[in-house]
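As written, the chains take the letters A, B, C and D, and residue 1 is the first residue of each chain.
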Amino acid sequence: MTKVVVGIIGAGRIGQLHAKNILLSDKYQLKAISDVYTDHLKDIDYLKAVPVITQNADDILNDPEIDAVFICSSTDTHIDFITKAAKNNKHIFCEKPISFDIEKTKETLEVIKETGVKFQVGFNRRFDTHFRKAHDVVRNGDIGTPHVIKITSRDPEAPPEEYVKRSGGLFIDMAIHDFDMIRYLSGQDVKNITVKASSLVDDRFSRNDDVDTAIITLTFADDSLGVIDNSRQAVYGYDQRIEVFGNNGMVQVENQKPTNVKVSTNAAVTEDKPMYFFLERYNEGYIAEIHDFAQSILEDKPVVAKFEDGLQAELLAKAAKLSWKENRTVELSELR
Amino acid sequence: MTKVVVGIIGAGRIGQLHAKNILLSDKYQLKAISDVYTDHLKDIDYLKAVPVITQNADDILNDPEIDAVFICSSTDTHIDFITKAAKNNKHIFCEKPISFDIEKTKETLEVIKETGVKFQVGFNRRFDTHFRKAHDVVRNGDIGTPHVIKITSRDPEAPPEEYVKRSGGLFIDMAIHDFDMIRYLSGQDVKNITVKASSLVDDRFSRNDDVDTAIITLTFADDSLGVIDNSRQAVYGYDQRIEVFGNNGMVQVENQKPTNVKVSTNAAVTEDKPMYFFLERYNEGYIAEIHDFAQSILEDKPVVAKFEDGLQAELLAKAAKLSWKENRTVELSELR
Amino acid sequence: MTKVVVGIIGAGRIGQLHAKNILLSDKYQLKAISDVYTDHLKDIDYLKAVPVITQNADDILNDPEIDAVFICSSTDTHIDFITKAAKNNKHIFCEKPISFDIEKTKETLEVIKETGVKFQVGFNRRFDTHFRKAHDVVRNGDIGTPHVIKITSRDPEAPPEEYVKRSGGLFIDMAIHDFDMIRYLSGQDVKNITVKASSLVDDRFSRNDDVDTAIITLTFADDSLGVIDNSRQAVYGYDQRIEVFGNNGMVQVENQKPTNVKVSTNAAVTEDKPMYFFLERYNEGYIAEIHDFAQSILEDKPVVAKFEDGLQAELLAKAAKLSWKENRTVELSELR
Amino acid sequence: MTKVVVGIIGAGRIGQLHAKNILLSDKYQLKAISDVYTDHLKDIDYLKAVPVITQNADDILNDPEIDAVFICSSTDTHIDFITKAAKNNKHIFCEKPISFDIEKTKETLEVIKETGVKFQVGFNRRFDTHFRKAHDVVRNGDIGTPHVIKITSRDPEAPPEEYVKRSGGLFIDMAIHDFDMIRYLSGQDVKNITVKASSLVDDRFSRNDDVDTAIITLTFADDSLGVIDNSRQAVYGYDQRIEVFGNNGMVQVENQKPTNVKVSTNAAVTEDKPMYFFLERYNEGYIAEIHDFAQSILEDKPVVAKFEDGLQAELLAKAAKLSWKENRTVELSELR
């Protein structure tokens, strides 16, 4: 195999993003796209070269020519599509979260293990050049043993109330990426989690039994500590910073800016605000993750963001929500 | 009055530092210094101009010419000296913590209120140019209402075990400055506090029922959040950063470096490490705090770091220790 | 016309770079590539979709389906290909310099004017996001009237002696980009130029009557000043900075780094070195320039880097060489 | 000798600055101050401890108790005071420039040599922490052999016309500090100098046969190059940057800011402007230079900023003016 033949299930914003990057990659051949609605896809220029556009996902799942599927449909459909794809021996790239139901996620992990297909979860930030370098600095031992890992993760603006209602809440919808990143940087299991959270940005969160601002503290297996601070609204742009502090030093990643132009006037010295949101900030990470997935298939190597990583992040999200609700530290052992 | 006539009680490291800054200031006349040991003071050049060097603090406390005392002796002597000074109508500058016994601290507050003397506690960081500007940016409303306040506070190296034994522990010895700073930046009362802490740097802490690494989360009266991360050892130098994030923006203070020289070679681009420790980093703050204290006396203005601020910081330290010990969120109302 | 049908003449490093970017763009259809050697092109995967690969440039120049040509062959062939292409009514994108012979360049300008084809010269830096923003800040009047424009332009390592011999020298080979950039930023004609230059990096330059280090000062028509400093070897990477200083402020562009990871240890605080060389640094600029060229054709708009800009940069390179040789200020009027 | 007994001749702004720093230093005893006017000194609090305030400089020059004099009077009086002080065996600290007449400066150098007194010229920037570290990085060979040295030196606002008239012009009044700094960083003699300069900021300069904006290029003895850019008006504050680029790397010093507070809002990310002017920016350098002068006397060590350094800077200023006037490169050998 020199190219991975793929089908994409779900052609919303993220499905279209993957479609474009797949078309630009020389490691893939994009054979088919399915969605419950397909009308909006007719006007997209770069999709004209895709042979099959269908409303039936089975056209992809049953196609013997297709090596791998990208599952980008709504979260409640993931488990079903994953199970069918795995049973049909297709490698799977699945957007996060794998599901909203941890028991089902665990059962599905067994299916994946049995069939032996590759499974990569869409934790694109692991593939970001900056974060990956920070990760490598930690793994190389350049800063010694991590003592404290800090993540700042703030969106530029609150999503609409309709989105809030269906999102599953801040912990599963937003912090899940940070849970995965902190595990990726630490390399340790999480022992317990403690959340303090508030609704300060807008009433649409409290109205829906959700929060918009949170401080999440984690204790890892070796007693080192982690802390994540989330907000649904940073008016200056997408705020995505990490810091790993160890016994021999510290590694930090600052925000990315569109340009590094600096203007000095009588009034002030000003620089660019951070990039606006995830599409700008993680643009390269989205490309790198599908490149890496193809490499894993073509060279039969392990994936970087595994099913288990998806499961663990979901467990942390669940534990976080419980900690917030019950105002106490939650031991991960309670949930496993 | 054009100059404040002062006596200093306690001539250890911090007492000598204040003595030097007082001698260099044109707002003070330094009349006397007392310490249980005075031999070591004889060789200090700049102290030769001080008229009275005594082993008896009462020589200062009873001197009618002396307007104000600086109490820099060991913490267990503070309450006694404060009480005598206040009763003798002397203004008081007292190093932190005011005491290790909160009930006594509260009682002493009443004495201060009755006598009406000025009382300033040695929270020198409030007078740091950088932090003060950040504080002013917040007060001016430039970033809107604070939602999250973050403080990173790490010492460059762990103190000797002898010091650890007598220190009272990380929360009262080290984090107390951060508790005051977070109150200063927030302008809000603290509702509750939650601590996760470990001993990761060195056994000397766990051996003495202490920790060296901590994540401290605070909920303020308006439900906004604060988080402090402490470590007893940052190998790259004194790490003192703050960040206030609000609904209209963010203000940050980075570390100070000895120089801003940057060297680019084939190997790397390198900059200075942060200033080594508090004497370097807060040198100007130590000068500014005594200047401000003199102004408060000479112009009869309120002090910036009040007795109540000292008490509140001690309460937070006590609550933090309790939270760590009992592994739970502690409501400040439990302690008041 | 919805897509520009193009042929590329010359398939060396830069020709291949344009081919790849053209294939990835939805504004172009790449019909043909010619080169005196074509064997090396057979193994390049992404060229397999190109219908015509030929050793005869006329196959491109005479093809009536082709709307535009990219001239990426050696400098001595440019004038001939430009002339033929223009007479065949093809729009032209030509790499810099247009030629080594200014008289011929001037004559060819007349041909372009007569035929009315679009002509864009390969000054890709005008399309760099960072420099373009700096340019816009200046044009918007945010820093007032420019008084001093500074460009630092240093390559990461000296080219091999074979390259030095054929390069035409530092001024036409390397500084020509800086001459164009300083004109782009200033918006003014250059009155005179003064060069001080040395051979300090390596003997291969002095052996070939060339220099490797130069300070070039320019006086613009309004008496404002410019200064360019060039070196053939910056061991820390490609050094590309600009600064425009005006009566109301200053705009600066710093180097780009691969990541913004910062590592603090006991030894030092280190950051990434600048990106290695022009392919990394100006990667986006190469894409933006062909995008812009297509827009100019499809929407019949003026190009941003015109034939006249190529001619003016060549005149400045010639004047610079003369200034160096004769150790004097050269008035541009001497050459026009 | 444990303290240097000094007298200060000339009590204008710079004389008063030295007086204050001398009074705060434990290496000096300030015995006398002279000025043609002394009325304004009566109200200055910190001068009340100075035993002798006189209108006659001879009271200082002839006082056998005085070890050293600080000459801070107007430039036209320097040579006379230097000569008398040297003949009376007093060490001399003299503000720059030593004189406006290079022949007289040269003659006076002979007097200094004969008498053997210490002579330090007021090039305070050599004592700036940041520049001194950059200098040491160069001397340690960390960046190899310097190829290009760049200095940006811009004042925050143009001086009044009265000052311009008496200043001697930009090269002797302002650039002289930069000439000394570039010699200090290079460690090389200057071979030739080439100036391009304009009057762009304000007519008050052209009206007085002066310029306000200049690019000054220098060739050193080893053919390495230097470039200084000066402006009389940088609206964003005092702009004082240096860069030394060598065959093994580069060292840079950026501007100093009052605080490192950064504010991010929806509108922009803003930082402090550079410190306002030389009193703020070089405050520590002024203290360090008098400290170093005392050390040289007390420990009989060579001074860091010698008479010859003053002379060479004056020669460069003279050559620069000639280059500007005659629009040509001036060889320093023409002037020596």
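Basically, a contact is a pair of C-beta atoms (placed from the backbone, for glycine too) under 8 Å apart; a residue touches a chain by one contact, two chains touch by 3 or more.
Quick caveat: nothing in here was measured; it's all calculated off a predicted structure.
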Pair joined by the larger number of C-beta contacts - A-C, C-D: C-D
Most remote chain, CA-based centroid, reference being subunit A: D
Subunit A and subunit C: spacing of chain centres that average the CA atoms, whole Å: 40
Inter-chain centre distance, subunit B versus subunit C - centres from mean C-alpha coordinates, in Å: 58
Distance from subunit D to subunit C - Cα centre to Cα centre, in angstrom: 42
Touching two or more other chains - residue numbers and ranges from subunit D: 235-236, 248-250, 264-266
Contact graph of the chains (line, ring, star, complete, other): complete
Of subunit C, residues touching subunit A in the complex: 24, 26, 45-46, 129-130, 133-134, 137, 142-143, 248-254, 256, 258-266
In the complex, subunit A residues that touch subunit D: 235-236, 264-266, 268-273
Subunit B-touching residues of subunit A, taken from the complex the two chains share: 145, 147-148, 150, 154, 194, 196-201, 213-215, 217, 219, 223-225, 227, 229, 231, 233-236, 239, 245, 247-250, 327-329
